[in-house]
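Structure below; questions to follow.
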Amino acid sequence: MSDTPLSDTTETGRKLSETLNPGMEAALEARYGDLLPGMAEGVVDFAYGRQYARPGLPLRDRLLATIAALTALGGQTAPQLKINIAGGRKAGLSREEIAEVIWQMALYGGFPSAISGLNAALEVFAAEDAEDEETDR
Amino acid sequence: MSDTPLSDTTETGRKLSETLNPGMEAALEARYGDLLPGMAEGVVDFAYGRQYARPGLPLRDRLLATIAALTALGGQTAPQLKINIAGGRKAGLSREEIAEVIWQMALYGGFPSAISGLNAALEVFAAEDAEDEETDR
Amino acid sequence: MSDTPLSDTTETGRKLSETLNPGMEAALEARYGDLLPGMAEGVVDFAYGRQYARPGLPLRDRLLATIAALTALGGQTAPQLKINIAGGRKAGLSREEIAEVIWQMALYGGFPSAISGLNAALEVFAAEDAEDEETDR
Amino acid sequence: MSDTPLSDTTETGRKLSETLNPGMEAALEARYGDLLPGMAEGVVDFAYGRQYARPGLPLRDRLLATIAALTALGGQTAPQLKINIAGGRKAGLSREEIAEVIWQMALYGGFPSAISGLNAALEVFAAEDAEDEETDR
Amino acid sequence: MSDTPLSDTTETGRKLSETLNPGMEAALEARYGDLLPGMAEGVVDFAYGRQYARPGLPLRDRLLATIAALTALGGQTAPQLKINIAGGRKAGLSREEIAEVIWQMALYGGFPSAISGLNAALEVFAAEDAEDEETDR
Amino acid sequence: MSDTPLSDTTETGRKLSETLNPGMEAALEARYGDLLPGMAEGVVDFAYGRQYARPGLPLRDRLLATIAALTALGGQTAPQLKINIAGGRKAGLSREEIAEVIWQMALYGGFPSAISGLNAALEVFAAEDAEDEETDR
């Protein structure tokens, strides 16, 4: 139903995933590739090439939406939330914007989820500060 | 800890809630006020005055985040999702942006949640079209 | 590990289930018994005989807790929430107490869950009123 | 990272989706294609071509797993659960096996989720019976 | 819609929060106040002043309900569950009552959630014992 | 409604639980028995004797279903997921089958849940390897 050659979605996804989370595909392949051949490529093709890379909504907005959703789903998504907060920073979100969207989620995912989300954000921001200090030396 | 007189949050919330969802406070009071005196005011003060009206993130972005979260939480939030999709349209979100953010949630809330979210959006958009046609007559 | 003969839990559960939800075991057996022989008895033995009938917490408190949990889990549990609101009324909970516990859940399950819970309660209370009117005639 | 030409996953997915849910891709395209170009193909490629069609686990087991998961996630997934119960029947699951897997979920998703799941199964089985009767005439 | 001056809810909330969780508002302000000015006051006003302090349901029952809900929502709420178990002890709940309400949640949130809840309770009770021993010296 | 003497379910459950998770009943009794007398027996009777031991679905399939459900419910069930992955290995599931069922859950519980599930599986498989090496010495 599409005239676009399919390999485009994998190539597009690979470029985007390397920008947002450098080394992610190789890490997935190294960790899960023996058990699940093709899984890493599937993530790159679908999540990055067919979802995040879609036109119609800027990347900054997609990361805002992801941070909102992962917060609302509760503290068990903390590892992925931290990755997406870091990705959101690269896509142009300010710390204040990230904190605001997380805190607003108190209304939808409950207060415990929102507090867990803020704690994840503070960890990411502290890691940024530590990196900046290192660079400054 | 704040120097701002507290009544400001209720007043601010009331204005915002009347803009986004006209008549909501009165409807809450009429429906739940006998059982829960003060509940409607609490919603207005907290959800609208202390959360949605916060500076630091534009209203359009807050509604984008809410649409993402309610989609990820699954089809059981359809009534509130529809209200927030309608509110998002008033706050400047295009249909395309709304569809994109909902569909992206397939990655976080699962495909059934994303499909339920799209169905909610189609209902809201159809209601908009019906209203436009009526106005055109 | 228990000296109590096991059949006690089924007998105890049956009495309690008939008090709280008359006809429930027979209804489960009629609806699901062909596909799942013994399922109805398992519900009676475990849910009523081994959980609700435990000493250490009065039945009224157990129903309060159940109403809280089902509200927090979201609107998809509305059928069971309504059964437990009706059961809670029989176990001595006032309408006000039920409304209060549901509304408090806005903090943990989010506002949409709490509003869905209140709607379930209003339905149960309206059915009570309709029954009372019928009795009065 | 894969030597297989990518278009294979879309072709494979299309065949499988037409077997399990005939007309699904066209229905998705018709309903959501204007808002989300390429979405239907993405579902076919990823969900069917890259996930359901993977070797390593027979289709019958994949549908068993899906029925378990959708039940545990609660009654809000009923539309998708019914589709997968029907798909599971085509993939060789008996009614008894489906009922057993759903009822076991009482342990993980709670009793309300398991009861909702059984109700979905009864609907699918009744539709099968109605179809059989029609065929018999 | 209320004749009560609004500042009352903040004052009431502050008193209640200091009784149940001494130092919480200051801790929230210290940890999140730079990113989210006014957030700590919002929690105090809404969660404590407008929800927990409502008449119509005793505090002991509110904490019972909260323990039930956080257990049913699963192990990811453990930090908040522990705070509310400790708060419930101050509001008059016995260890037995707390264990009973948590274990009953096996029916609604599933067995894994109930076991996680019991583990949280055992941690709180062990901390109580350690404190008592220290006091006894 | 059943002619089977009830004690059968406890006996059956005990045998099955000792096969799948040796020492579990005693561990539950030791850890929770003081607070919740009879709880360990209730788990054995209901979860093992009345659910897992039911005819109509082989144990291997029941563990497959449980692994699917716990994955979809998210990373907060990791402790129970690991127990059931180990149990599934004993009931005849291969590592590949377990990895496949977990990864398929990306479609229903979202990508973060599926990744958390794979991490739990890798931990169990590594523990198996460590045990095998020890045995080999």
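Lettered A, B, C, D, E and F in written order, each chain numbered from 1.
Basically, contacts are C-beta pairs under 8 Å (C-beta built on N, C-alpha and C of every residue); 3 or more make two chains touch, one makes a residue touch a chain.
A quick note: this is a predicted structure, and the numbers were derived from the prediction, not measured.
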What are the chains that subunit A and subunit D both touch?
B, C, E, F
Name the chain pair with more contacting C-beta pairs, choosing from D-E and A-E.
A-E
As a multiple of 5 degrees, what angle does the CA superposition of subunit B onto its copy subunit E give?
180
Of all the other chains, whose mean CA position lies farthest from subunit B?
F
Just going by residue numbers, which of A-D, D-E or B-C has an interface where over half the contact pairs are the same as at A-C?
D-E
Centre to centre, by mean C-alpha position, how many angstrom separate subunit C and subunit D?
32
Subunit C and subunit E: spacing of chain centres that average the CA atoms, whole Å
24
Could you pull out the residues of subunit E that touch at least 2 other chains?
47, 51, 54, 70, 72-77, 96, 99-100, 103, 107-112
Is the chain-to-chain touch network here best called a line, a ring, a star, complete, or other?
complete
Would you mind writing out the residues of subunit B in touch with subunit A in their complex?
47, 51-52, 54, 56-57, 61-62, 64-73, 77, 96-97, 99-101, 103-109
Complex contact set, residues of subunit F against subunit C:
1-2, 4-7, 9-10, 25, 29, 33, 37-38, 40-42, 45-46, 50-51, 54
As the complex stands, subunit C meets subunit D at residues 31-32, 35-36, 39, 43, 47, 70, 73-77, 79-80
If we count contacts the way the header does, which residues on subunit B are in touch with subunit D in the complex?
74-76, 95-96, 99-100, 103, 110-112, 115-116, 118, 121-122
Provide the residue numbers of subunit F that touch subunit B in the complex, in ascending order.
72, 107-112
